[in-house]
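One structure follows; several queries about it will come next.
Which chain is which? They are A, B and C, in the order written, and residues in each are numbered from 1.
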Amino acid sequence: MAMIAISIAVVAAVVISAMALVVFAPKMQYLRMATTTSTQDSGLLDYILPVFENETNSKVEVIAVGSGQALEMGKRGDVDILMVHSPASEAQFVKDGYGTNRTQFMYNWFVIVGPDSDPAGTRYAKNSSDAFKRILDNGTTGNVTFVSRADNSGTHSKELTIWSALGYNKTQVAAFDSSWYKQAGQGMGSVLDMCEDMGAYTLSDDATYYSRVEAGIIPSLNITKAGDSALKNQYSIILVNSTIWTHINATLAEDFLAWITSHDGQDLIKSYERYGQQLFTPNAPAYISALSIAGCRGAVEAAVSASTRSEETILRLSNIRG
Amino acid sequence: MVLGIEYDVVQVTLLSLYVAGAATILGCLIGIPLGSLIGLKEFGGKGTLKTITYTMYGFPPVVSGLFIYYLFSRSGPFGSLGVLFTPTAMILAETLLVIPLAAGITITEVSEVDRSIKDTIRALGASRRISNLTVMREAWVGLIMAAMIGFGRCIAEVGAAYMVGGNIQGETRTLTTAIMLETRMGKFDYAIGLGLVLIAVALAVFFFMRLLQEKEHL
Amino acid sequence: MTAAVELRNATKRYGDVVAVNGVTLTVEKGEIFGILGPSGAGKSTVLRLFDLLEAPTEGSVAICGEEVSYLSKRADDVRSRIGMILQKPVALNRSVANNIAYSLQIRDWSEEDIKKRVDEELKRYGLEGRRDKNARTLSGGEMQRLSFARSTVFGPELLLLDEFSANLDPKNVALMEAQISRYMKEDGSRTVVMVTHNIFQARRMCDRIALMWDGEIIEVADRKKFFEDPDDPRTAAFVKGDIVY
């Protein structure tokens, strides 16, 4: 009998202490944010959110899922705010009335990644579409393999956009021969691992690529194409429609949007470095125009990125910066 | 692996224990009496009910997660309770997985209790209700087994936990969802480290439950 | 004299097998009633019907003159005043003392009273040394003693014994028979129904005896008549030991 009493006491103690940690958090405001896994994995949010949380005595609850799922969660009112990077889907989302105040605020880059030997010769491609063309041609002859995210993520959408520039719509892409076009249905990290294993090409966001390189997991993969404006990965904030979902702390959500597009917020994004480089480039409209008014060097870069330029130009400009 | 880097491993472990423990207890509180009822009572359709229960062993956890998500989404019937993305939602999703396990194992265990024991208990003058309770106590070892298996299922659960919990740092991040995160980020060593913590915790729990099983006198 | 327990034209079928076939049997209060017969005659089934563990397919069971159905609430009340001892008794998975205590716990006795009674029974049946051992570890003889203890500790008015001595050594059989006699002497309104295929035991212990064969009662007579001058030739053959079983 004593055994049972002791065991119940122990279980109760553990349960209560665990609950205490979880349930009795200090009184504060909460902002529920849906974002993508690649955003969370870059570490940016761990870097910038604490500043916002301190200033506003709030907690930002970050839920990282695929782009498609994030938008779905916004539709359902399960989150208060979205930080995503799927321009086409975002536009539709706002058009359908699910969200408001869609605001661009930063971008990073997609890169085409492939094996050292680069059998498709994507290095010599004029741009990303040309690179894809070379992969397609070599793929159908059995020379190379391409792994696709195939999961409605931002990266997947970007991939499809490039294919569509070559004249292939979504259905046609999905029907590419599986001998060379592998539809993985997995996250970016796993897809990179698969490419390492198979010596295949893929489209990746730069942050995930760099993190995998740093971890030493993908020694034989290299960036073979980058900087093409078609490879720009634009991030936006969308406020979930608080008229429909009255439980949302709309003020806090607006405060977040204001903060991240403010000078301080944008500078903070710019200062985030990892793998020896700045991962994200802030480009909220107010920030860009403010900079161009001030005439800083950075404004030129920002203005350049807002238009279409070649990889060469960007390299030239970064030399100017250096 | 150093404790405390990136987030509190202790907190994550305690949350895992809390969620898995609560779901196991809830699931057994429902599943064991249910299984006992099905196992000990004679009624039409008993065979069908048993088959359904055993089939539910294979119920995909992700589907349980989806179901709870739909129920507690703001767009869903119970959205206003604000349960989604809290440990409560995770507990509910995992409880659904434990119930068929606890019920099914209990059905088997109480059925296996010797016919002569059941007769003896009745012959000694126990009423229907007390008789069922005594049979359950005779099947004590097996019922603890049901709880152990239920706990095992919960502590290892990741799909449903991620879906209805959201893996929110400091709130709904468990050992398993943390492992998934670290793996996704390529930090395989850290992930394995967390995995070892999970196994150690599970070991402690199972050791304790084995002690309960071994108790000689009831 | 009120009948303690009766079968009224009772039949019990298990699928195609007829275990008890249209049997009418009356056991009087205060007597030790024996049921003799070969294995498979249906004797155990009669006891199970008496104990309301099962219902007859046809006919009825009456306790103290009143018909009782095994499913009814009344059955629970009645069964709590009947004790049944089986040939191969099984123990609950707990200590010897707690096995005996169980009979009293389910009758809502107080903790104090239970402890006292259990101590008495342990002493009476020589099980004190085994008090805290798991009852599953008992020897055959010890288990039968435990079976007696737990089935009589609550003072049942009707005691049903199903070939209790079949697996026992002579010393233990003698012990148990002495306990039965003592039990009856303690209270004149108690009744015992004893199923056995040991004719010597029946002659030692029983006031009246029934011979059962193939699900039917062949003859019921008091001890003297049953053994010395039975009506039915089969009875005569049986008590002479001419029948192989």
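Assume a contact is a pair of C-beta atoms (placed from the backbone, for glycine too) under 8 Å apart; a residue touches a chain by one contact, two chains touch by 3 or more.
It should be emphasised that the depicted structure is a prediction, and the values quoted were computed from it without experimental measurement.
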Exercise for the section: Have a look at B-C versus A-B and report the one with more C-beta pairs in contact. Expected result: A-B
Problem - Maximum centroid distance from chain C, chain identifier (CA atoms) - result: A
Problem - Between chain C and chain A, distance of the C-alpha-averaged centres to the nearest whole Å - result: 81
Problem - Geometric centre distance via CA averages, chain B-chain A, whole Å - result: 36
Handout entry: Chain centre separation (chain B, chain C; CA means) in Å
Key = 45
Handout entry: Where chain C touches two or more other chains, by residue
Key = none
Fill in the blank from the handout: Seen from chain A, its contact residues with chain B in the complex are 3-4, 7, 11, 14-15, 17-19, 21-22, 32, 37, 40-41, 46, 59, 61-64, 75-78, 187, 189-190, 211-212, 215, 217, 245, 247
Exercise for the section: Write out the stretch or stretches of chain B touching chain A in their complex. Expected result: 6, 11, 14-15, 17-18, 21-22, 73-76, 79-80, 82, 84-85, 87, 166-171, 181, 183-188, 208, 211-212, 215
Problem - Residue numbers on chain C that touch chain B, as the complex places them - result: 51, 53, 76, 79-84, 86, 88-90, 92-95, 98, 102-103, 106-107, 132, 134, 150-151, 154
Exercise for the section: Using the touch rule from the top, collect the residues of chain B that touch chain C in their complex. Expected result: 114, 116-117, 119-128, 130, 134, 137-138, 140, 216-218
